[in-house]
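The block underneath contains the structure these notes are about, expressed in structure tokens.
Each chain gets a letter, A, B, C, D and E, in the order it is written, and its residues are counted from 1.
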Amino acid sequence: MGFWEEFIPLVLHGAVNTLWVLVISIPASVALAIALGSARVYGNAPIKAIATAFVVTFRGFPLVVTLFLLFFGLADLGIYLTPYQTATLAFVLCGGSYMSEYVRGAIRSIDIGQSLAARALGMTKFQELIYIILPQAIRRALPGLSNEIIYQIKYSSLAFVVGYEEIFAVSKTFISRYFMPLQVFMVDAALYLAMTTAAAYGLRALEYKLRIPGLEMSIR
Amino acid sequence: KPAPSGTGTQCPECAIPVTSACKFVTAPPEGEKVHIVLGFDANYPPFTYVLPNGSAAGFDIDVMKWIANKYGWELELKPWDWSTIVTALENGDLDVIASGMSITPERASEKIWFSIPYYSYIHELVAKADDTRSADEILNSGAVIAVQKGSTAEEWADKLLAEGYNFQKLALNSYVEALQALLDGRAQALITDSAFLEPYLKQHPDVAAQVRVVTTLGAPETYGIATRPCDIWLRTKINDALHELMTSPEWNKLLEKWGLG
Amino acid sequence: MGRGSEMVGDEIVLRVENIHKRYKDQEVLKGVTFEVRRGETKVIAGPSGAGKSTLLRCINLLTKPDKGRVWLEGVELTDPETNINKMRQKIGFVFQEFNLFHHLTALENVMIGLTKVKKLPKDVARKKAEEALLTVHITEDLWHKYPAQLSGGQKQRVAIARALAMDPVIILYDEPTSALDPQLVGEVLRVMEELARKGVTGLVVTHEIGFALEVADEILFMYGGRILERGPPREVVFSPKHEVTRKFFENITKLYGGK
Amino acid sequence: MGRGSEMVGDEIVLRVENIHKRYKDQEVLKGVTFEVRRGETKVIAGPSGAGKSTLLRCINLLTKPDKGRVWLEGVELTDPETNINKMRQKIGFVFQEFNLFHHLTALENVMIGLTKVKKLPKDVARKKAEEALLTVHITEDLWHKYPAQLSGGQKQRVAIARALAMDPVIILYDEPTSALDPQLVGEVLRVMEELARKGVTGLVVTHEIGFALEVADEILFMYGGRILERGPPREVVFSPKHEVTRKFFENITKLYGGK
Amino acid sequence: MDPVWWEYIPYILQGAIWTFTLVGGGLALGFAIGVPVAMGQKYGPTWLKAVLDAYVWFFRGTPLVVLLFLFYWGVFPVLLGIKLDALTTSIIVLGLRSGAYQSQIFRGALNSVDEGQMLAARALGMTKWQAITNIILPQALRIAIPGWTNEYAIILKDSAICFTLGVIEILTRTRYVVISTGEALGPFLFAGILYIIFTYGGTKVFNIIYEKYHIPGLVGKGV
């Protein structure tokens, strides 16, 4: 059987698996990021400390290590996550921590007048955050978030270390069997480029759709 | 053991491409120092791995050192990522690969040719010591079976699945992790090769007590030293040396040293 | 005499006692005490940097005063037990810099307090917001513009409508007419009068002395973080006790002397 | 009659011809034409949303007019060949929203144009900036504050100083006294007068009709994107030709009628 | 008995030299590329925007392994006719890729600077360029700092992928240790903590810069 006939169906199967992880992990990461980022600016001291420790840990750990600890470390405690669960959870923990940094920065770049006006209306700190600050902050954080989302798409390749059969896992098997890294990498690159392009395009469109008329100079 | 030949294991119908990376097509001029770059994947004890001081060690390293020593070559040791190791060889970043590399027809193509085989091993199905089921029962139980990603053991798993056996393959990054999965109870069996398992169990008697080899799979396979097809002189020299080493008492001492006896 | 006085009752709506505030090296408020009765319109005047905006922000605790107490309708705002968010609903605030919510249209800016804080149903809130906007002459064509698309005067009026719509007990205005033309000033003033008649009390930081003379029941003249002088508008403006007050107001006569 | 008129020469400094500007569905400027002579102080008045700010921004091309031409000292700004950055140095601009540079202190805000655009040595620039700040009564204690730490009036004055310091040929003021108290208004007006005497021309959008009556040589009354009426201040204010103009200015008499 | 892998700690730590060479080089190069790219994307002519979009698209979207592979064995030797060593190639590729990401961080930051700032700068007679460098950039760089700490944390770990070309840094060494000793959890946890220290330390530095250049009174932490 030729390289293409053998490799393409396999790698497409891997791509479907990759998508399965991302479909869950990306939205969950964004949600976690908003919670963490908000907690780090608006939370009281203990909440702030917990959120910060969380971010420091999961931003600090290389993703491989997080995957490894969730897979083998938890198994030592009798908790057996499947490769799919491990990968999804690890991506959310890691991606959420990274993304939260953009959310935090964006929240802090909103001018103080906005919170003053919100509080003057009688909003609680939480209402202020939800209705006034976050809608503006998330818009500002979008370019950064799109970075992290794209990173996450590519990092999904690391799921192979816990035995998840995604694009890269399939490719690795193939490469060590035939030693044709160039061809395999080209196919992989095309697949990842397709996914990241779709994501980037979607996010750009979202950024454009959410822009506030007259406020920004020229979002394209 | 096969007799020494000029070419070792090769692709019979392949033409030999001569590229700028070819450095050892013919004998170098008299008096010129021969410098060989040895590429290896340091993830493969006891054949190739690293010591706490960072230097390379292992059976294959010792073999190559012996060969280099015999000819007075300069040997440079370069750890390299397995997935691009052949590309590095093709492009001249490396000159030989000695890293427990199985000789397979797919590999012996226009990219690399092998020396004569120097080590043979067999694939094994391993289960927990208290698991008394037969191989067929295990392979048909829907159980999780761990293998190393990209290894010939994974090929075996794929082959068995294609034959209609009913189990789930869990391909992990290394044999160590695959074995770990078995010990953790995450996997119910492990397909591995004797080249990894036997020395490992010798080194870790506690682990040896927990597992048992259920059966061997297929016929023995062999390792070879890979070179660029065009480096005919180099390959010949390696084959000669390998032959000499393998017929000397030194060979058994080496096998003994690395637990491969 | 101020126009509003006939509807001023005796009930004290706002009491401010001995407010102090310092920013690092600079004491901005050095003990300010006064009270406002229901229906009253009180004007705070004074030179730039006197601490007028800071004082207003201290009243609804947007800036925490270092010392001093504030009561609204008998409830102490400065008491940590008080639910300040509940109380702030009763205090309208019109910012000197407008501080409209950038991401909301004019109409949404006015609605958000009603729907999210007062929890009114959307349609009720919308009707109320529209009324408030019309009161300050923001017509329908502007309702769906974002703050960045509005002119200065339009923004200021939306800011006023946002405070109005909440049906507050008292409104604190920080220079509410600075970006308005005289015609609109007149109209906004009429709105403020009407509110006063309805019993909505006003505390207005303004440089429009004409307005103070027309509408205010009392002028508080602030200088260097203190209330230097207070009294009926005509008295403070035309026969002040202090030299600084005299100098501050003398330009008015000069400026409009031509008429 | 305006005070500045005695120093007004015949030389036309600024010519604006048939300026048009539309934002999507709304035509904001519908053909505005006028000229300003050297030393003149011209006031633009008109209701909120009339297009005054837009017109000012069109003059130095901060907003690109859709149609029409602008000349400064005989050089056509709207000509694509013209180095607009060179020309803008000669046009001071004081924004309605101040637009101070957030990351620079008051002093640095004034200096940056001198050092980066005019390329003056730092010490010279600093001296010039200090002078300009003192002219608008921003004293040394405020020089090293950031915009967010200044009061409204302080910000506005820094914005004026920033324009002043550049030694412009003409200054475009967009409501330069909106956040100022009457005393400061008087002082800023004096500064503007002095500048007029030195031949610095002024084009002022303002709602301070008192100021217009005192200082302006001419009032341009804008309405709905057009100059509806123009002429000497007293004429336009007290005996206007149009009903809208009359209505616009009638509040003034009402408002300050008490005096 | 001490675990066997403890003996390997110095070996792992020596990898830090390579890690930081890669990170330092990659980040600096990425910064030098990212800032102008972001400005070009926001303020440049249409054709330039198209070119820069393509650059960002390719380098953001392609896996690092593939980029390394392409540049080491393709772009440099074949297209450009130069043979660069693995370390140099790795730094260049990390830099090119990080530039694509950093440009998006800055683009976001540039968008957060309000329009009035540009208007006021142009009104003073500044050229677009002067306005950007003197007014917009100083404010945008401050806003970009949190995003930058992310990029640092990411590149710190992504440097591991340069092993594809034989550059052996911390994470690769850790893997070797895992395999060589047969002990997995310990070495991985050690590497994890090492990276946390590096990330946290680096982030701390960035945070100090952030707070130092935080514009007094301007932006909120909530009221």
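The working rule: a contact is a pair of C-beta atoms (placed from the backbone, for glycine too) under 8 Å apart; a residue touches a chain by one contact, two chains touch by 3 or more.
Owing to the predicted nature of the structure, the values given are computational and were not obtained by experimental measurement.
When the partners of chain B are compared with those of chain D, the chains appearing in both lists are E. Minimum number of contact steps separating chain C from chain E: 2. Across the assembly, the mean Cα position most removed from that of chain A is the one of D.
Inter-chain contacts peak for the pair A-E, counting C-beta pairs in contact.
Farthest from chain C, judged by the mean position of CA atoms in each chain, is B. The distance from the centre of chain D to the centre of chain E, each centre being the mean of the chain's C-alpha atoms, comes to 46 Å.
Work out the mean CA point of chain A and of chain B, and you get 38 Å between them. Shown for chain C are the residues in touch with two or more other chains, namely 62, 97, 148-149.
Chain contacts: chain A has residues 72, 76, 112, 114, 116, 119, 181-182, 214-215 touching two or more partner chains.
Contact with two or more other chains is made by residues 65, 69, 73, 115, 184, 217-218, 223 of chain E. Interface note: chains touch in the pairs A-B, A-C, A-E, B-E, C-D, D-E. Of all the residues in chain E, the ones that touch chain D in their complex are 116-117, 119-127, 130, 134-135, 138-139, 142, 213, 215-218.
Interface of chain D with chain E (complex): residues 57, 60, 62, 85-91, 93, 95, 97, 99-103, 112-113, 116-117, 145-149, 162, 166. For chain C in complex with chain D, the residues that touch the partner chain are 23, 26, 45-49, 52-53, 96-97, 141-142, 149, 151-154, 157, 174-175, 178-186, 189, 207, 209-211, 213-214, 247-256, 258-259.
Of all the residues in chain A, the ones that touch chain E in their complex are 41-42, 56-57, 59-66, 68-69, 72-73, 76, 98, 101-102, 104-112, 114-116, 119, 125, 128-129, 133, 140-144, 146-148, 150-151, 154, 157, 168, 181-182, 185-186, 188-189, 192-193, 196-197, 200, 214-220. Within the complex formed with chain A, the chain E residues making contact are 41-42, 49, 57-58, 60-66, 69-70, 73, 101, 104-105, 107-108, 111-112, 114-115, 118, 143-147, 149-150, 153-154, 157, 160, 171, 184-185, 188-189, 191-192, 195-200, 203, 217-223.
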